[in-house]
Structures are given as structure tokens and as C-alpha cells.
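Dumping the structure here so I can ask a few things about it.
Chain lettering (A, B and C) follows the sequence in which the chains are written, and residue indices restart at 1 in each chain.
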Amino acid sequence: MNALEPVKTAIRMEHITKRFGSVVANHDINFVLKKGEILSLLGENGSGKTTLMNMLSGIYYADEGQIYVNDQPVAITSPKDAYDLGIGMIHQHFKLVDVFTAVENIVLGLKDEGRLDLKKARQRIVEICERYGFEIDLDRKIYEMSVSQKQTVEIVKVLYRGAEILILDEPTAVLTPQETDKLFAVMRNMKADGKSLIIITHKLHEVLEVSDRVAVLRKGEYIGDVQTKDASQQSLTDMMVGHAVALNIARPTPVNVAPRLVVEHLTVYDDLGVKRLNDVSFTANAGEILGIAGIAGSGQRELLEAISGLYPISEGSIRFHDPKASENAPPKELVGMDPMAIRKCGVSMAFVPEDRLGMGLVGSMGMTGNMMLRSWRKGKGAFLNRKAPEELANRIWKELDVVTPSTSFPVRRMSGGNVQKVLVGREIAQDPAVLMTAYAVRGLDINTSYTIYNLLTEEKMKGVAVVYVGEDLDVLLELCDRILVLCGGQVSGIVDGRTADKRQVGALMTRVEGDSRHE
Amino acid sequence: MFDLVSFIPRAVMQGIPLLYGSTGEILTEKSGNLNLGIPGVMYVGGICGVIGAFFYEQAVPPESMNAVLAIGIPMLCSLAGSLLMGLLYSVLTITLRANQNVTGLALTTFGVGIGNFFGGSLIKLTGSEVPSIALSATSAYFSKGLPFAADLGWFGQVFLSYGFLAYLAILIAIVSSYVLKRTRVGLHLRAVGESPATADAAGINVTRYKYMATCIGSMVAGLGGLYYVMDYACGVWSNNAFGDRGWLAIALVIFTIWRPNISILASILFGGFYILYLYIPSGLNLSVKELYKMIPYVVTLVVLIIVSMRKKREDQPPANLGLPYFREER
Amino acid sequence: MNNKLKFHISKRAALPWYKAWAIRGAAILAALVVCAVVTTLMTGENPISIYATIFYGAFGTARRSWVTVQELAVLLGISLAVTPAFKMRFWNIGAEGQVLIGGLATTACMICLADTLPNSMVIVCMVIAAILAGAVWGFLPAFFKARWNTNETLFTLMMNYIATQLAAYFIIVWEVPKGAGKIGIINQSTEIGWLPQIGNQYLLSILVVAILTGVMYVYLNNSKHGYEIAVVGESQRTASYAGIKVERVIIRTMVLSGAICGLMGLLLVGGIHHTLTTTVVDGRGFTAVMVSWLAKFNPIAMIFTSLLLVVLSRGAGEISSAFGLNHSFADILTGIILFFIIGSEFFITYQISVRKSAGKEA
């Protein structure tokens, strides 16, 4: 390249391939970030966006291929290399030290020798904050901060060390719309200041709102890029999923609807004393799918765990109407019981938690061992019954097409979709009266997602009360009969899935009434 | 009332090896490495000093011994020995990501074995009647107090009567405390122990920090072994005499909730506990002294429990203590 | 910098079990070679005769073989005791104290009840007391771990020394003769409280541990408790999700661990030594941690890991006396072997690939 020619590309990645064991996360990717642009890197969960970016930030090292920064070939073998090249990445899981203050975190890792001159550092940080419009309390410890404050610290940290290229990994997933707007404003300020930005996301409206150009990954491959002004939600979806999808999830009309689970005035606090659910009341009906929508962290996890007996409840009641009990029998009160007690008193509830390997499954065990998670107590005496779980494992293996060499192969080593099939399969096999799922299709490919939707709908038609916590509004609106919207731990509305539109639900998700948690 | 003026110096002398050990272990633990091999390291630090001093004493007649060499050779030997132990632990746990508990325990077995083996061999080499080896000439250099200590009455006895290694221990503890709290290196080290992934992402060389902290920590702890033989025991090495002081040093780390400056006073307190039985009238009942020796462990346990009950974030062990770090962990 | 060779470390997808054991075997072999070299340097003997000496030290005579197997039984027993806790990821390094306190309880019964109860009753009391004492020593750290998440490694470590000092205290209280600072053989003339001999003086403890090995294997692999332990060890959140009461499992498992340790203390004092010293456990509480971990918490594999360490230690003892070396030589050899095996785990979990760095200096 001619040295006199002005530098045009901030980053160029050529023929990048990265494998994890036998899984190819990125395959032969060619990617360009131009100077001074905001580029959206779009793709479904698991399409390899984060992996690709982690090779720029020095977390991973490519198996094949070459990276150029400012048109110079480079080898980024550590995060330090990345910083030296002016690349800063804001990870989805913040890389902050909890017991340090904001200032300490921001100056962390910088070279200046000797004594720590926090005063001087603070001056520069304040300058940066004023320049781009950040608001943070510099002396606060990270563990006392809200998610959006932590994110601000992350961004300031990257700017403080002079990053010219910023990579933001799904920055809006944890933010309220107001916070998102603020973030986008800051991003535009940075662009105006000559910085180049990559935003990883799978939210189309954000892509269209903030970026100049969109690059799309699908299943680890680079599909292509378009100027944002030439793109529409539809064209981007086509690129992302490969073919145009109207979701077309079958939604049969519910029959024999009857209250199954009645929640009233439920209030819970976490171990730090923060109110996580505030006076939540709703009814989950048998024969219906009740969707739960909300910004991440609005109390979805706490709600499901509280119903399952896994979260301490400070006020309220959860009543279960047993379909097997006689008509006039009073409903069972579940508050105050642990999961085992709930099970013992005959309440059949299934729960597909968000954290599959950390909560729903035992990663080091095979399918059989994981089937036992629900049945280990069965049978008399001190010994385990392996036969029934083994049979169940074989059944799920066949019926749901789980890809695994054997029923004793550790589930941790399976792919995300197969892990989820094992989990959902097991929960459905319990023949539950209530089935609760949290982000059941997160990280799954389209086909598996549809398998899951169908399974849930089948359960609904069997007369199960299905609770579906989701993040994709399109899916919620096509799958669920009713949608409950959570906002800041409160119910901001319950709408009919057939008549509600996206805008209405979106508005409910962001309506904050007298709640100051999301400043 | 018992005799404080004679009690304090003895408590201090008991405390100094613990102070070295705990300062070394705090530095190590701040990097996220729980080195249970510290007792072994302290043995090695002691025996290497003994070996160095032994050969120097053999080579040079007492009257022509040079003070610098008499102190320098054992110290260098001691530092080198404990450095090697620290390196061994580091290679296994940091580079090879071995289980820290198992590695540490193996290191203690190994280190105590080395100490007793070479100690025993040296004893045999001297053909001594008693099962110990005395290096009184070298020890004289190590245990020399400040020159005017004797003239200042109780003040001299309490504050000035110790060998230079005692002051060095306090100095190292103060410096460590300062470095950990106030410097960039300290900030980085703490970050490595709290969250290596964060430190790594911030461009800190996690491996290097872990190696440095563990090796320097080992060397500091090794000096505790050296102080014990050369000063406290007046240059007499006998096998197993060092006892369980290494474990007591680890207890001290918890007791001081990972703060070397608190450790200065706490180590003297522990040293005091260790010899308290001598000062409390228990009649002829020797058995009670064994119960007094239990006090340091009991109070440590109480501190451990209270700290875990209070759940104050700043008082907890480094968040990643005991866990290996692998950048590409998925 | 150009074309610099880079070592790249990544996690292995999977390694067949026989390859994993081949790597461990190779590590042991390498360790034995290093041990031989070290020994040769110390003694000037050729390595073959050194290993012959080791073998002779461990199995040279019938008596030696019996003692070796008995030592194996003791180490294996303690290792079995700590294993359920480890499988639960509860780092119990307090076996030393739990065994000792069991031994102390045994001693107390032997000394205090000898004149008041018939022999059989004394033995019953000993068994109960030893198991109870060990269980209490296991219960305390587990209770605080379950309630306040108190660090169990440090807790159990402290408990060791509390047990040691308690034992030291009672040894002086019961010392015979006065001023000796030790107890001596308890009830030497009456043999009250001596555990009955089966066949010969070694077989009882060997049998007990053999049964224990089988029971522990079944307990860990086929019982509901074993399943609970495995789930809790993997993830406490998964465990509570499955309706397992985590606190209860932690406490129950540690009580079991402690109780088995107490039982080993009973065997040591009542069946083998018939006396109590503060060093009766002799570091085996710590060695057990390594035995259990090296065997990947598999009771059957633990037979071999403990055999390796016991033979080595007894053999090195023989080398020491044959070549006039200090007995601590055994610890050094043990250390070397352990380091090799510990290090070899890396090559089982990770793979190293060498690649050329194509890029220029960053």
C-alpha cells in the first residue's frame, strides 16, 4: 500500500477463522471498519459476533487469518496489545473490579510508573466526562452501582486510555430506553470526535437508528454489509436469518381456560435489600401461554424463582389450583415452601431457568444424570433408580433429535441448542400443571426455536399453564395468549397477545411509575 | 502484673517469623494464589541460610569473618532457596493451572522434607553429639541489637534490642502495605486477585503479576525461616524445631484480614499468645500451656467467622483466591 | 518478532480415559526417574538397586508387607473420609485434626473407663466417642460454611491445630509417668480397650478399610446422597433448583467425613498404636487430600494412589537407613512424585499447539 495514501480503514480482518474444539465459531471472515463510522455488527445470538470482536480485543487469538489496524498488519495476542493499538472493547459482562471505585477501575492497567496519582487522573476523567456527556460518581464502589452506571464506567475507562476504536458488545441489552438514548447520543459525540465505533446488537431498530453501515454475521460466516440508509428492518432480517421469515408461529385458540396459578401482591427483596418485585399480581391460566415481557433485569428472574420456591418472598401470596383436586378444594398456598415441599404437596411445576448450565442442568453429567435431577428422590431406600431416567434420556434423545454421542456425554460439551432441548424435554416430561420458561430460545437457531415454540404450544393445548419469559417482542406477540409486562419490578400492564401491538408493549416496558431505580 | 518489659521483646521475637510469613502470604494471596506451601517455604528459607552460613563458617576462621559476608551469604542462600520454592509453586499453579490446595500441601511436605533432610545431613557432617547444629558466630551478626539499646533501660529493651532482620520485617510489612494500597503496582496486583479477567482485559499481565507476587511472597516468607534460626534460635538448627509457625502465619493472614500493616502488631500479639503460658501462673501444671498455645488458632477462627458473618465486601478474601485463570475459558 | 513461534494453549475437547491414564503413568515414570537420579546423587548407588531397596523396604519380609498394607489402609481410610467433601467442592484440609480428635476421644475412653466398665463396653464407648468427636470436628466448619459461607479451607486448617493443642493438653494430663510428657502404651497389662485382633494384629484395620472402600464407592456412585453431593459440587444453584437442601447436604457430608476420620483415629489408637501422640496422624490428613485428588475422587483409583505414596514412603525410609540418610528423604521423594502428577493434569485438560505468529510486531 502506498504510504502517502491516507489511511482509510481503522480495522481490516482477512480470512479470520476461529475454532473452539470442534466448533467453528468464525469461518473465513473478511471484515472492514472504516475510519470515523459507526458500524453495526448484526447477527442472531450465537452467530459469532462476540467471538470475532474478542479477537480484536485480544481475548481470543485467531486460528487463521490476518488483522490490520490502520492498514498495518498486527498480531493482537493480549488485551494490552489491543489497547496499544487504540482498540477498546466494552464487554457485555463488565470487566470491572467490584471492590474498587470508579476511578481505580478507570486507571487500572495503565503504565505510568510509581505512585498512584489519582488526583491528576481524576482531572482527565472529569474532562472526558464533560466532553462526551457522561455522568458518574467517581468515588463510588462498583458493587454499589446500577448496570448503566457500570457501563458508563466501562466506556470512560476505554476512552481514558485513548481508544480510537470502540467496540460495544450488546450495550443496550441491559438499558432502559432513556438510557439507550443517552448512550446513542454519547456514541454520536464520539463519532463526531473522529472515533470509529462498532456496536454489536441484534436489535434492528437500534441498528437503523444509530449506525452508518451494517455488517451481518450468520452462523459464524460473514454474510455482507449494507449502508444503513439503504437498509430496512425487513432486508436486515433477511440477511440475518437467511430467508425472509414472517414468524408464523401457530397459535391455537385456548380451550377450557381456568385459573391455575394466582399470584397476588407479591413483593421480594434481594440480599442487598433492594426491592426486586413490587406488588405483583396476575393469574396464569391453564390452557394459555402467558408471556412476560420487560427490559432485562425488570424482575423476570425473581418472579419465576419466587414461584418455584427458590427466592425468599417477603409479602404476597401464590395460590395453586390443583387440576387433580376436587372442584371445591381450596387452592394451595405456595408461599413459604421450598422446591421440595412444593413438589411433595403434589404441585407439579416445571421450570426452565435462564441459566441453563448453572441452574437447570449439571454440566459434568450426561443426559441420564440430568434426567435424575427431577427424579432422584423417587423410589424407596437410599439408592438411585437409574433405569427410568435412562429411558427418559433415550426418549428425549430420539424425539427431540438431540445431537450427542451418548446419554452419558457431559451436557456441558453439547451445543447450546441441544442443551436447551435436554432441559425443556426433561421439564415437559414431568407432565407439569404449570410450565415456566425463561428465555427459552436464547442462543438457539431458528429451527430449534420453532421446536421449542411447538412444544410449548402442545403443552398449552394439553391444559398446562405455560409462562413464557421472552425478550423478542415479535415472538411474544405471535406465541402468547396474554402478555404481562414488567417494568422495574412492577406490573405495568397485561395485554392480549392477539390484539396488542409492539409499540404498545414497548411503551409499557419503559413506563416507570414512581420508581427511581433506573435513573 | 507480669513483667511487660521482658514479655514484649520475647513476644516480638516470636512474632517476627510470623510477620515475615504472613506478609509473604498476603502478597501471594492478593494475586489470587492461596499458597499453602508457605510452611515448607519457611523451612527451606531457614535451612538454605543455615547451609550458606555453615560453609562460610567452615571456610573461614571465626576471627577473620567478614560481617557483610557472614550476613550476606546466608541471606542470599535463603532468598534463593525460597525463590525456587515460589517458582515451583508458580509453574505448577499458574502455568500448569494445577489445583492450588494440592500443590501447596505437596510443597509443604517437600519443603519440610528438604529442611529436615539437609538439616539432618549437616548435623551428621559435623559429627555432633546433639541432634542440632550451632552457628553461633553467624548468629552473633544476625542478632546484634542496636548499639545503644542497653543504655536506654526499658525503652531500649522493648524497642531497640532486636537483630536487624526484625526491623527489616517491619519495614517490609510497611512497604508492602503502602505498595498494595497506594501504588499502581498494588492496584494492579489487587485487581489480579479480585478479578483476573478484568485485569487481563485492562492490559495487566496477569501471569507476570501472579509469578512476581508469589515469588516475592515466598522470598519474604523464607526470611522468616532465616530469622528464626539465625536470631531467635541463636543459630541453632534442630529438625522440626520451627514447628507449625508456617501455619500460624497463614492464620495471621486471616486474622489481619489481608493487611500487612495490621500484621505488624498482630504478629506480636500472636507471638505473645505463643509464650503467654510462661507468664501466667499455672502452678506446676504444664498442661495448661498447651491450651494457651491454642489461643491464636481460636481467635483466628473467631475473626474468620465474624468477617464472614459481617459480609463487608472490603474484608473478604480476594474474590479469586484459589482459582486458576485461563483466558479462553468458556 | 517475525515468524516467532508461539505456544498456544487451549482446552481439550475430550481425552479418552486410557490416554489420560497413560499421561499420568508417564508422569509417574518420569518422576521415578528423577527420584532415582536424585537418590543416586545422594548415595552414589545405581538406580536399580535403589528401587530394589525401596521394594525391599516395603515388601521385603512378611512383616514389612503387612505393615505396608496396614499403612496403606490407614492412608486410604483417611482419603476415603475426605472424598465425599471434596466431591462436593468442600476443601476439607482438616482431616488431620478430625482423625486426631477421634484418637483423643478413643484415648479418653481407654484411660477413663478402664476401671469402671468391662472391656467390651469400653470398646463400644470408644467407637461411639471417636465417631462423635470426628463428626463434631467436621460439623463445625460445615455449619459456618452453610450458614455464612465461611471459607472452609482456612477454617478446617485452624481446627487441626486446635485438635493438636487439645491432644497435647490431655497427653500431659494423662502422662505416664509424671513428667514424661507422653502417655506410653495404654492399659499395657490389661489390654482393655485394645481392639480385638483378627488373624494377626494388622488385619482388623485392613478389613475395616477394605469394607469402607466398597461402601464409599457405592455411596458416591449409586446412592441418593452421592447424587446430591455430585450436584451440590457442580453448582449450588442447580442443587436448590432440584430441591436439594444445600445446607443440609453440606453439613451431612462433612459430618460423615469427620465421622470416618474419627473412625480412623479409633483404629490408629485403639487398634494399631495403643497410645496417643500429637503426631499420631503424621501428616496423613494432608497426604489424604492429595491421594483423593490424584485419584479424581474415585475410591478404587485411590487404592493405587495411596499404595504409590505408602510404598514410596516406606521404601525411602529403607533407603535412609540403608544408606545412612535422614528419614525425611521420603518426604522429598514424595514431593517430587506429587509435583509430577500434579503437573501432568495440565496435559490432560489442555492441549498445546505451536504456531507461527504471522504478524509483525504489534
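Quick note on the criterion: a residue touches a chain if its C-beta (ideal position, glycine included) is under 8 Å from a C-beta of that chain, and two chains touch if they have at least 3 such contacts.
Computed from a prediction, not measured in an experiment: that's the story for all the values here.
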{"item": "Most distant chain from chain C, judged by the mean position of its C-alpha atoms", "value": "A"}
{"item": "Most centrally placed chain, judged by C-alpha centres", "value": "C"}
{"item": "Distance from the mean Cα position of chain B to that of chain A, given in whole angstrom", "value": "48"}
{"item": "Chain centre separation (chain B, chain C; CA means) in Å", "value": "27"}
{"item": "Rounded Å distance between chain A and chain C, as computed from the means of their C-alpha atoms", "value": "44"}
{"item": "Of all residues in chain A, the ones touching two or more other chains", "value": "20, 84"}
{"item": "Sites on chain B at which at least two other chains make contact", "value": "328, 330"}
{"item": "Multi-chain contact residues (two or more partners), chain C", "value": "10-11"}
{"item": "Chain A residues within the chain C interface of the complex", "value": "20-22, 61, 66-67, 72-77, 81, 84-85, 308, 310, 338-340, 343, 351, 353, 355, 357-365, 369, 372-374, 376-377, 382-384, 413"}
{"item": "Of all residues in chain B, those that touch chain C in their complex", "value": "34, 36, 88, 91-92, 95-99, 101-103, 105-117, 119-121, 124, 239, 244, 247-248, 250-251, 254, 286-288, 290-291, 293-294, 297-298, 300-301, 304-305, 308-309, 311, 317, 322, 326, 328-330"}
{"item": "Sites on chain A touched by chain B in the complex", "value": "20, 57, 59-60, 78-80, 82-84, 89, 91, 95-100, 104, 107-110, 112-116, 141, 143, 157, 161"}
{"item": "Contacting residues of chain C [partner chain A, same complex]", "value": "6, 8, 10-14, 222-228, 230-231, 234-235, 237-238, 240-245, 357-362"}
{"item": "Interface residues, chain C side, partner chain B - complex", "value": "9-11, 91, 93, 144, 148-151, 153-155, 157-162, 164-166, 168-170, 172-173, 283, 286-287, 289-290, 293-294, 324-332, 334-336, 338-339, 342-343, 345-346, 349-350"}
